[in-house]
Amino acid sequence: MIEIPFINLAVIYPEIAIFTASVIVLLVDLFMKGEKQGTLSTITMLGFAAAAIIASRQWFHFETGFSDALIADNFALVFKLLFCAAGVLTLFLSVHYLNREKIFRGEYFFLILSSTVGMMILASANELITAFLGLEVMSVPLYLLAGYDKKKLLSNEAALKYFLMGAFASGILIYGIAFVYGNLGTTNFDEIYRALQGKTLYGEPLLLLGLGLILIGFSFKTAFVPFHSWVPDVYVGTPTPATAFFSIAPKAAGFAILFRLLFKAFAPMMPDITGILWVLAVLTMFAGNLIAIAQRNIKRMLAYSSIAHAGYILIALTTGTADGAKAAILYLLAYTAMNVGAFGIVILLGREGEKDLSIAGYSGLSRRHPIAAAAMALFMFSLAGIPPTAGFIGKFYIFRGAVSAGFIWLAILGVVNSLISVYYYLRVIVIMYMKPEAESDRVITYPLSLMVAIILAAWGTVQIGIFPNSWLNLVRDSVSGFF
Amino acid sequence: MDLIDIGITVGKVVIIFGALMGMVAYMTLFERRVIAFIQGRIGPNRVGFQGLLQPIADAVKLLFKEDVTPAGANKFLFAIAPMLSFIPTLLTIAVIPVAESSTIFGREVDWIISDINIGILFVLAVTAMEVYGIIIGGWASNSKYPLLGALRASAQMISYEVSLGLALVGLLMVTGTFSMTEIVAQQSSFLQWNIFKQPLGFLLFIIGAFAEVNRIPFDLPEAEAELVGGYNTEFSSMKFAMYFMGEYAAMISISAIMVTLYFGGWQGPILPSPIWFLLKVGAFLFTFVWVRGTLPRFRYDQLMRFGWLVLLPLALFNIFITGVIMVL
Amino acid sequence: MYMAIFILFAIMSIAGAIMVITLKSPVSSAIALIFVLCCIAGLFALMGALFMAALQVIVYAGAIMVLFLFIIMLLNLKDEILGEDEKKVTRVFGSILGIAFLLEIGFFVRRALTVGSESLMYPVPEQFASIEVISTGLFTKFLFAFEITSVLLLVAIIGAIMLSKGEGKTEY
């Protein structure tokens, strides 16, 4: 008989909560008659809430389980909380949108929930195979969400592109994992770390190849330049709330696993690969920001801006220090708030059939809809990194971390990029406040759920911006035990 | 490995495949005579004593027929498709122990061509490849009915392969090995036959087996009434003959597998082991013909519903119940 | 002998792989892919990993590729629908990148052979691909990965149903 190792389920309690909610959603959707959107979204919300409560109660517990395949340290938990927050915000964004576009189906909630399960696994994965499966559990629902509005051709295109690119990325990733395993004989991060002692990356060509392929695989998911080509089309074709979800949660999950991979497993090799990360960061920032300038469609602009923001977080990754990791988490929290807000306004101002998405169409918005315009201005300021908003705090700590780690040039290039981005973010504000009112039959209703999402996002943006101390404490705790 | 070993291996291959090919030839006659008996006719009895030379006459006739390749057909695939259908069925027999091991030239000879330890998986793998001959043949003909036959074949074989494989899982739980030789060794007496340990599993397996070899009541890929001749409509001469032989060889090898897995293989009292093996296989072959003579064909939707909604759950239930019994 | 068989399978699988991407008709490509998969199964068997070889044939060549062919033949795409490959530039560019990638991997492997053979490969344990070793791994060390696959499959099933359930026509 084989000895079944001790199974520590505590390490996946949040995942279990979310997965249970997703199965309940499926069953309720199957058996319930009549209007069920309210019930389903409540169940989803409860699932996220339960997971968040469990995750916060595990703070400082440092559970490990399943032969060390999973680890629930604070670093993983803070990401789990982030995913729950992103999920709840997306839910608030979705309710009104799904009704407006008449595409409500129960599977929507299931997909959001099951994707979150994958992200959580990715955040606590301490082993390459588990990480790969987490990535797949995260990605497959995302492909489906991209093609969720299946009557629309753009949505179909988004799903197909995302799926093909994702499949390629998975293939490359698993190829890299094979090389690493072939070289070291293990996929566990701790064991990789031990096996790497006393080795240099350039002395191990196959290991270098494997790590390179793994990096490429994850770079597709987090959309670093030059692995970003799918982003704009996918973001535009996907239903807008799902786009908001795409731009936050999978990216955060990708960064979570990259941090664990590079700072823990391949820590001895980190000095050798900062060069590669440096180039990736610069490319990602510049390409994202420069192409964003030329965009006329707000969703497309936000797509490129999300690429650029990934570039800023890459700076934090490049530094390889605890300060960098802290700054990255803070930035991801800030980015969640401000990006959800921006997408919320886009949904608010849009009309059935995903119309009214051009930036020019926002001209003179401040006169008729001052509240919406003001909120949009707040989020744009924050995305541009202007104080006293969350975006500023996030960028400040990232650049400070880069400088203190000796990456002066990287910090300078980051600041330059922030300046470039100011141009296209402020252009939205200029159009809203200083251009004459456009001929538009735009009628805005203020649905409660959407307003909740926008208010929460605005609160987060301001709160992180003005009172960053409690957030800094959270971030400091979250990397304890990680270094 | 010396010359005698090589000689013995070659000898085994020649004898086993020779026997198989002979059985394929005479299976055609057997089927026609039995069907005739069921239907109250006489059947072919003119060529040789009781029609015993009929298969040879048929072979000669097919050899001399014109070999037509339809216009617009993919020539290469059209040519290899019949072989693809025929070869896997022959391969299956390579992992089946056909007789007790004996001593020749002072050496122990196991009467199995290749005694690999994953025999059952090998059988499943090869069975899975059988479908390609049909699919490729149907597509390469560039003709409508063959294509329909090919599509039906692929859907059918995929559906029933699942239940076939799952039916075997129960057996594997009981035997604890993938090796054909060991499975035969475990069934040394009548009461130890696996059929008594896995009655439901066997039932599922034999239904799946009928579907895998495309025999009535699952012969939708070649339903004459609807599809002219199904996937082999456009084939003539030896190519057609090869499909034909492939079907019979598949029947024989799947019977041999059932005998080996569930009915004690070559084991039996008094008579020598190859005779027992042949008798058991013969009984199954008779069943195949018998079923053909008595049952009507399924409709396509019935076939699919039966496969997915009846067989598959039953196969899972079989695994479950086997597990429960093993634990208790 | 071992080397000869290896080279045979290797050449056949590479030739098949080239055919997969160069053949015109999708059905021929799929058939070439089946051939490649069978050759890879042969390579597995050559390494003594009979179990992997059998799984390769059952799962990939036997099940997945049948579905591939089924779908391709059901759609029965004609050349007119597939269209001529208009973007010659992408094709050329793609080939160059692909070849560059291939050379890069070749370069790494070559360097690995020269740098130090001692660290080249993790020593393969005895019976590394037997059924016992694989299943023990699945139910102990990789238990979580094994179990989470069920979630992945559930999502995939729901997704397939969601996408294929008809709901009117596509808007253009």
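Every chain is named by a letter (A, B and C) in the order it is written, and numbering of its residues begins at 1.
Definition applied: contacts are C-beta pairs under 8 Å (C-beta built on N, C-alpha and C of every residue); 3 or more make two chains touch, one makes a residue touch a chain.
Just so you know, these numbers come straight off a predicted model, no measurement behind them.
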item	value
Touch-based graph of the chains, sorted into line, ring, star, complete or other	line
Chain centroid nearest the full-protein CA centroid	C
Geometric centre distance via CA averages, chain C-chain A, whole Å	30
Inter-centroid spacing, chain B versus chain A (mean Cα positions, whole Å)	54
Intercentroid distance (Cα basis), chain C paired with chain B, Å	29
Sites on chain C at which at least two other chains make contact	none
Residues of chain A whose C-beta touches two or more other chains	none
Residues of chain C touching chain A in the complex	105, 108-109, 111-112, 115-116, 119-123, 136, 139-145, 148-149, 151-152, 154-156, 158-159, 162-163, 167-172
Residues of chain C defined as touching chain B within the complex	25, 27-28, 31, 34, 38, 41, 50-51, 54-55, 57-58, 61-63, 66-67, 69-70, 73-74, 76, 131
Residues of chain A touching chain C in the complex	2-5, 7, 12, 19, 26, 65-67, 69-70, 105, 107, 110-111, 114, 117-118, 121, 127, 129-130, 133-134, 136-137, 140-141, 143-144, 147-148, 150-153, 156, 159, 181-185, 199, 203-206, 208-209
Residue numbers on chain B that touch chain C, as the complex places them	74, 77, 116-118, 121-122, 124-129, 131-132, 135-136, 139, 147, 150-151, 154-155, 157-158, 161, 165, 178
